[in-house]
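Both complexes below contain chain A, partnered by chain B and then by chain C.
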Partner chain A sequence: MGLILAQLLTGLANAGALFMVASGLSLIFGVTRIVNFAHGSFYMLGAYVGYSLMQVLPGAVGFWGAILLSGLVVGLIGALVEVIVLRRVYAAPELFQLVATFGVILVVQDLALAIWGPTDLLGPRAPGLRGVVRVMGEPVPQYDLALIAITPVVALALWYLIARTRVGVLVRAATQDREMVAALGVNQRWLFTGTFFLGCALAGLGGALQLPKGGADLLMDFTILAQVFVVVVIGGMGSLPGALLASVLISVLNVFGVSYLPQSTLVLMYVVMVAVLMWRPFGLLGRAEVAGELGQVGAPEEPIRPAGWPIRATVAAALAVLAALPFWGSPFSVVLATDILIFCLFAASLHMLIGLGGLVSFGHAAFWGGGAYVAALLVARLDVPMEVAMLAAPVGAGLAALAVGWIALRASGVYFAMLTLAFAQLLWSLVLQWGAVTGGDDGIVGVWPADWASGNTAYFYLALALSVGGILALRHMAHAPLGYALRAARDAPLRAEATGLHTRRLQLVAFALAGTLAGLAGGLFVFSKGSVFPNELEISRSFDALIVVFLGGVKTLSGGWVGGAVFESAEDLLTRFAFWRLTLGLLIIAVVIVAPEGIVGAARGLARRAGLTRDADPAREDAR
Partner chain B sequence: MTPILEVRDLSRHFGAIRAVDGVSFRLAPGEMLALIGPNGAGKSTCFDMLMGQTDPTSGQVLLDGRDISGWPARRVWRAGVGRTFQVTATYGSMRVVENVQTALMSHHRRSFAAWPRFRRLYRDEAMALLEQVGMADQAGRPAAVLAYGDLKRLDLAMALAHGPRLLLMDEPTAGMAPAERAALMELTAGIVARQGMAVLFTEHDMEAVFGHAHRVLVLNRGEIIADGPPEAIRADARVQEVYLGGGAEALAAEARDG
Partner chain C sequence: MHRKTVLTGLAGLVAAAALGIAGLPAAAQDGEPIKIGEINHFTRLPAFAEPYRTGIEMAVEEINAEGGVLGRPLEFVFRDDQGEPGEAIRIAEELMTREGTVMLTGAILSNVGLAISSLADRREWVYLASEPLADAMVWSQGNPWTFRLRPSTYMQAAMLAEAAAQTDAVTYATIAPNYAYGKDAVAAFKEVLTELKPEVEFVAEQWPALFGIDAGAEVQALERAKPDAIYNVTFGPDLPKFVREGTTRGLFEGREVFGLLSGEPEYMEPLGDEAPEGWTVTGYPWYDFEGDANAEFVSAYQEFAGESPKNGSLVGYSTAKSVAAAIEKAGSTESDAIRQAFEGLEVAVPAGDITYREIDNQSTLGAWVGTTALRDGGGVMVDWSYKNGADYLPDDETVQELRPSE
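Moving on, here comes the complex of A and B:
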């Protein structure tokens, strides 16, 4: 009994920091509709800033003062980021902003590395709260009890701010209807900046508060991000009581999981998340989200047409030059080109889903990593030949996508995105914790291609054939009835249904197809590397693909593979330098601000201005 | 003549609110029936139930004697019902002709086909439909740049793509200039006369109603309060009461003046 109570208290103490980060994320989403992926970075900054302040400020007053100050400092940094970066991209497609926040993640990571160094920092213990208290015979750290006392205070203060003050009224009104608030003459810019300040300050506060328990390290940002997403999604996006409820639920679940099911704590968390979302797609206390036009806000998309002969000839020539690479390039360039080709196929599959289907998936790595693991497991555990494994990868990933899509497509917009993320995380945690089969953290090694494909050149040709074939097939589909039906379901779902289209089934087909091709890319990947590790299923891999799609340009047909090629080459080039994340992050932010239509969209605009291509509207063309 | 559409005691309740309450009527082939009523009378809810976008709480919708209540919209469409939208719903990322081609492709059950080139499919049929609504000259333009009146005509062409026997039009002239309204109603009336389909439309514009409807249904607070030819409706004291709070002959005046 005492042990259970002590564990319950630990869980409640852990819930504090989690709640503060989650409520900040929820607040920001509610008002600005931005899913702030950089929120974990602000939490990490809070921990580091708090650490530095505690070195300078003495005693108990200094300790608590440092925590409050870190909240303030991080809040100001957040407001700065909002003003410098996000304010410029509010007009861009809604989810384009996530690309910008991803750039912020990279920048913060390298800045933290430069300022505080690579070693993990041990947090100072709170003055006067270093001991333990016996609760029914079990030791409970005093600091845990302090956290349990502080969390309700913060929650109450937040509730007072939101429910009882004028600022709170504006925040609530903006959460309900942003346009109406703007129409009433509220300065939306300052409301957004203020919300960012508050949300980031809460994250910083959470980071500083957990210092005595967890310290500060460079992996904190993604670790907390995964948990915070779970919390916010279970509680309901934009709901503060929901965030509190879910924080407590998840923290307590984790503590008990560690004691009683140590092999499946992570799995447990994501199973709960999937279960809640299947039961209530909008979270426990969330409201139904009006299906947003994710990725489709802004200037209307132009009608597509098959490429004219100049473009076809150029592409054919470029492909011929690429196919001759083993004859004119270095051995290293052949390996690099193989990597790029495989990544392009992965990116193109997600691009089809987002571009044609309007379905923004946050968990596409599930099918890439899933395909890789299917192939690796078959080869390593069952001695299956490469050819069969290479076929099983897309089939396995496609079937998984069919199952995931069947459930996730019950929701739409951000909730669809979150459900896909939940499934990807579930798969990741399964692979990580089911070590007996998957090898866990050690991954699966020694997965080499068959003899005929084992040379770098031979494998390059295999990757070239399958990737280019896959990308061309996707492109062909865009010009076929299926592609048009998908765009119809995306442009005007009611009209599509009222002209006989089964929109959900169409979207399921697209989802399964995207999963299949991502699985094929994953299968190609595992044989090119000879090994696979759980990080191929991580959130950051899904984000890579998303960023590539948005950088390439959602409203174009070639955005996927062009973005993939540019991103993968840039990353390869930059990783040779120190602080490459900083450079890449700044580069991403720059593209977001300068070319919100993506690389292909911007190139098309330039070509049109130069008179190289025609306007999409013949009427305007005639008028010229 | 057997009715194309028969609605029996149709109701839709949202909690304690009776948006539509026990509505019954019939619609014969070749007939243009107007459904009118003040804002909040239940017209749109009624419409959504006919088209399968809202499930009725109780009652039946019979199409050619077959009970279609509760069917999803896509199945209702396949059974021969087309609809236009109050706020036009077209595919903004496609050209005008491609919008109609997409509807035709669905009619021919080829929307899952991944092989054929879309551009060549049903192009002539689509152009014929656009010709019918006077949009052929704009076939190559992106739908996103069309003027509102043209969008309405495109919407109509898509609703006619599968040769429906029943056409549902939700406020066909809403948001249009007076001259355009008359033109669109003339166009619709012409198509109805040629093809002999039945039309049910809701409308706020009294000129459109009294100029083109063969029969008028008046809905108030979810119930039908009058059903008859336009002249009878115009003279109906209850209708005047509902619409104008008893204000003399303003209804008739409005109909005369537009």
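Moving on, here comes the complex of A and C:
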């Protein structure tokens, strides 16, 4: 009994920091509709800033003062990011802002390394709270009790701010209907900046508060991010009570999981997440999305049309030059081109899903990594030849996509995205912790191509054929009836249904197709590298694909592979230098600001202004 | 620490890229440096990778001051793989086909090491896995082209098991990250300890997520089992959390604790004055060497780097020394000649003379085993002794069974 009570207290104490970070993320999303990928970075900054302040401020007053101050400092940094970067891209396509926040992650990682150095910092202990209290004979650290006391205070203060003050009224109004608030004369800009300040301050506070239970290290941004996403999604995006409930639930569950299922702690968390979302797709206390709420922001998309002969000729010529690469390039350029081609196929598959289907997936790595694992497992465990394994990869990934899509499509918008993330994480944790079959972290090694494809050049041609074939097939699909129907379901679901289109089935087909091609890319990947590890299923792999698609341009047909090629090459070039993450991060942020329509979108705009192409919209053409 | 900055490097880069795509083969002429490709997680795990890099740089300076290798200067080309196996494979291809490196070294994370090793086997390139600890590197996934410098998980766990067998503890609880290294470390410890002392009993096994430990809960779960002794494999950011919760909640009082790698400066220094006392650990007590090659290395390193050496510094230094010795013995920079030279290669490194075993390509570098204590507000190892790696490997028949490739 005493032990169970003590475990419960441990869980509640752990919930404190988690709640603060999660509520910040939830708040920001609720008001600004930005999924802040950089939220973990603000948490990390909170820990580092708190650590530095505690070194200079003495005593108990200094300790608690440092925690409050680091919340303030991190909040200000967040507000700065909002003013400098995000404010410029609110009109960009839905969720585009997350690309900017991804740039912020990279910048913060390198800045933290430069300022605080590579060594992990051990957090100072809270003065006067170093000991334990015996609760029914079990030791409970005093600081745990302090955290248990602080969390409700913060939660209450937040509740008061939101429920009882004018600012809170405005924030709630903005959560419900942004345009209406603006129409009533409220300065949205400051509301957004203010919300960003508050959300980031909470993250910073969480980071500083956990110092006495750990410290500051350079990996903590991604470590917390996955957990925070779980909490926010279970609680319901935008719901503060939901965040509180979910962080307590997850933390307590974790503590008991550690004691009674020590091998499966990761899996447990994601199983709970998937279960909750299947029962309530909008989270425990979230509300259903109003139709059209997350609809198209910014300029409406141009109708797509088949490429004219100049473009076709250019592409054919470029492909011919690329196909001749082994004859004029160095051996390494062939390897690099193979990698880029494979990644382009992966990006293009997600791009189709987002661009044509309007379905943003945060978990596309599940199908890329899934395909890779299907192929690798078949080769390593069953000695299947490469040709069969490479065929099985897209089939396996496609079937998985069919199953995941069938469940995830119950929700829409960002909830759909979160469900896909949940499934991807579930798959990742399974692969990681089911070592007997998957090899766990040691992965599956020695998966090399068959003899005929074993040379780098032969494999390059295989990748070229399959990737370009896949990308062309996707492009063809956009012009086929399926593509038209998908875009109808995306832009006007009600009208599409009224004309007899089964929108959900269409979306399921699109999801399965995207999964299939991602699986093909994964299968190509595993044979080009000879091995596969759980990294390929990680959250950051999904992010890579997302960033690339948005950078390339969602509202274009070629954004996926163009973004993939540019990003992959830029990364290959930049990683040769010190502080390359800073450079890449700034580069991403610059592209976001300069070209909110993505690289292809911006290029198209330039070409049009230069008079190189016609306006795609005949109505506008007539008007000129 | 010579690293190009982005700005100064960009111009050269454009030229290099142009050359690279046009594919000029790097001619290996007399007087041109012999290049070694070093792939590591410089951005992902800088705390470990940077001291390692400095160790290499110091050794290279020494080697070149003495006339280089085969009369040519030695040069390491450092590349960051972000801790991603897929990136590491591509970089390896680039280093070997474009940069003109003659062999590969590096990696800390075992999965990256295993990926490079598999490529090395396929392309017949020599790879010296300097830091990855996984037993699979030289055993189950071992191949003729991959050699490993650092004492493996098995060897270090066996050293601790030997120390554990001499205590009165009978019931053990283990805590290890839920990942391959953690599992190997627990399995090896159990195997060796049970062999030495059959009456021991393992009463609890805890497997926190790597770098995601819920320390309070783990400590409660260990306490619940009431073991005589605890075997700890957690490391990185997990270790301070575990130590702090365990100390606060009195977990370590009256218990023997055995900590794999916990005595390495990389892990002890961040703990400061909260370093645990009385743990039996493997590590690197650089502060207490006197009058031997180790002491010379430490003072030379402090002069070179302006900071105290880490375990990685020693490994980096020994890596460069091993590479130089192998190429000198091979008398050529051909891959197969280097591979043959590594078989049975004997090298003098600060820790002593080591041999790269012909049977499994594992070096006999050992580790220091000692007890932790506090000194001047920091954790140190006392009563330590150096354990020769050769004494902690299974007998040859077992090794042959473990290593199917040969």
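Keep this in mind: the second predicted complex is superposed on the first by the 613 of 624 C-alpha atoms of A that agree within 3 Å, B and C clash if a C-alpha of one lies under 4 Å from a C-alpha of the other, contacts with A are read in each partner's own complex, and residues count from 1 in each chain.
What we mean here is this: contacts are C-beta pairs under 8 Å (C-beta built on N, C-alpha and C of every residue); 3 or more make two chains touch, one makes a residue touch a chain.
Note that the structure is predicted; figures quoted are calculated from it, not measured.
Colleague: Looking at A:R495, would you say it contacts chain B, chain C, both, or neither? Reply first, second, both or neither.
Modeller: First partner only, chain B.
Colleague: Looking at the overlay, what does A:D120 touch: chain B (first), chain C (second), both, or neither?
Modeller: Only chain C; A:D120 stays clear of chain B.
Colleague: In the overlaid three-chain picture, which partner chain does A:Y484 touch, first (chain B) or second (chain C), both, or neither?
Modeller: Only chain B; A:Y484 stays clear of chain C.
Colleague: First (chain B), second (chain C), both or neither: which does A:D217 touch?
Modeller: second
Colleague: Going by the touch definition up top, name the partner, chain B or chain C, that contacts more of chain A.
Modeller: Per-residue touch count on chain A favours C.
Colleague: Of the two partner chains, chain B (first) and chain C (second), which one does A:E302 touch, if any: first, second, both, or neither?
Modeller: After superposition on chain A, A:E302 lies in contact with chain B alone.
Colleague: Just to be sure I read the superposition right, which of the two partners does A:H364 touch: chain B = first, chain C = second, or both, or neither?
Modeller: After superposition on chain A, A:H364 lies in contact with neither partner.
Colleague: Of the partners chain B and chain C, which touch A:R604 in the superposed model: first, second, both, neither?
Modeller: After superposing on A, A:R604 lies clear of both chain B and chain C.
Colleague: Per the contact definition in the header, classify A:H39: touching chain B only (first), chain C only (second), both, or neither.
Modeller: Neither partner.
Colleague: Residue numbers of chain B touching chain A in their complex, please.
Modeller: These residues of chain B touch chain A: 51, 53, 72-74, 77-78, 82-83, 85, 89-95, 98, 101-103, 105-107, 110-119, 121, 138, 140-142, 144-145, 158-159, 161-162.
Colleague: Can you name the residues of chain A that touch chain B in the complex?
Modeller: Going through chain A, the ones touching chain B are 300-306, 476-477, 479-485, 487-488, 490-492, 494-495, 497-502, 506, 509, 616-620.
Colleague: Name, in rising order, each residue of chain A that touches chain C in their complex.
Modeller: Residue list for chain A touching chain C: 3, 6-7, 10-11, 13-14, 109-110, 113, 118-122, 125, 130-132, 138-139, 141, 144, 213-215, 217-220, 223, 227, 254-255, 258-259, 262-263, 265-266, 328-333, 335-336, 339, 432-433, 435, 439-443, 445-446, 448, 456, 525, 528-531, 533, 535-536, 572-581, 583.
Colleague: Under the touch definition given earlier, write down the residues of chain C that touch chain A in their complex.
Modeller: For this pair, the touching residues of chain C are 3-6, 9, 13, 17, 20-24, 43, 46-47, 50, 79-80, 82, 84-87, 89-90, 93-94, 97-98, 110-111, 114-115, 117-119, 121-122, 134, 136, 141, 178-181, 183, 205-212, 214-218, 220-221, 224, 236-237, 240-241, 244-245, 248-250, 269-272, 274.
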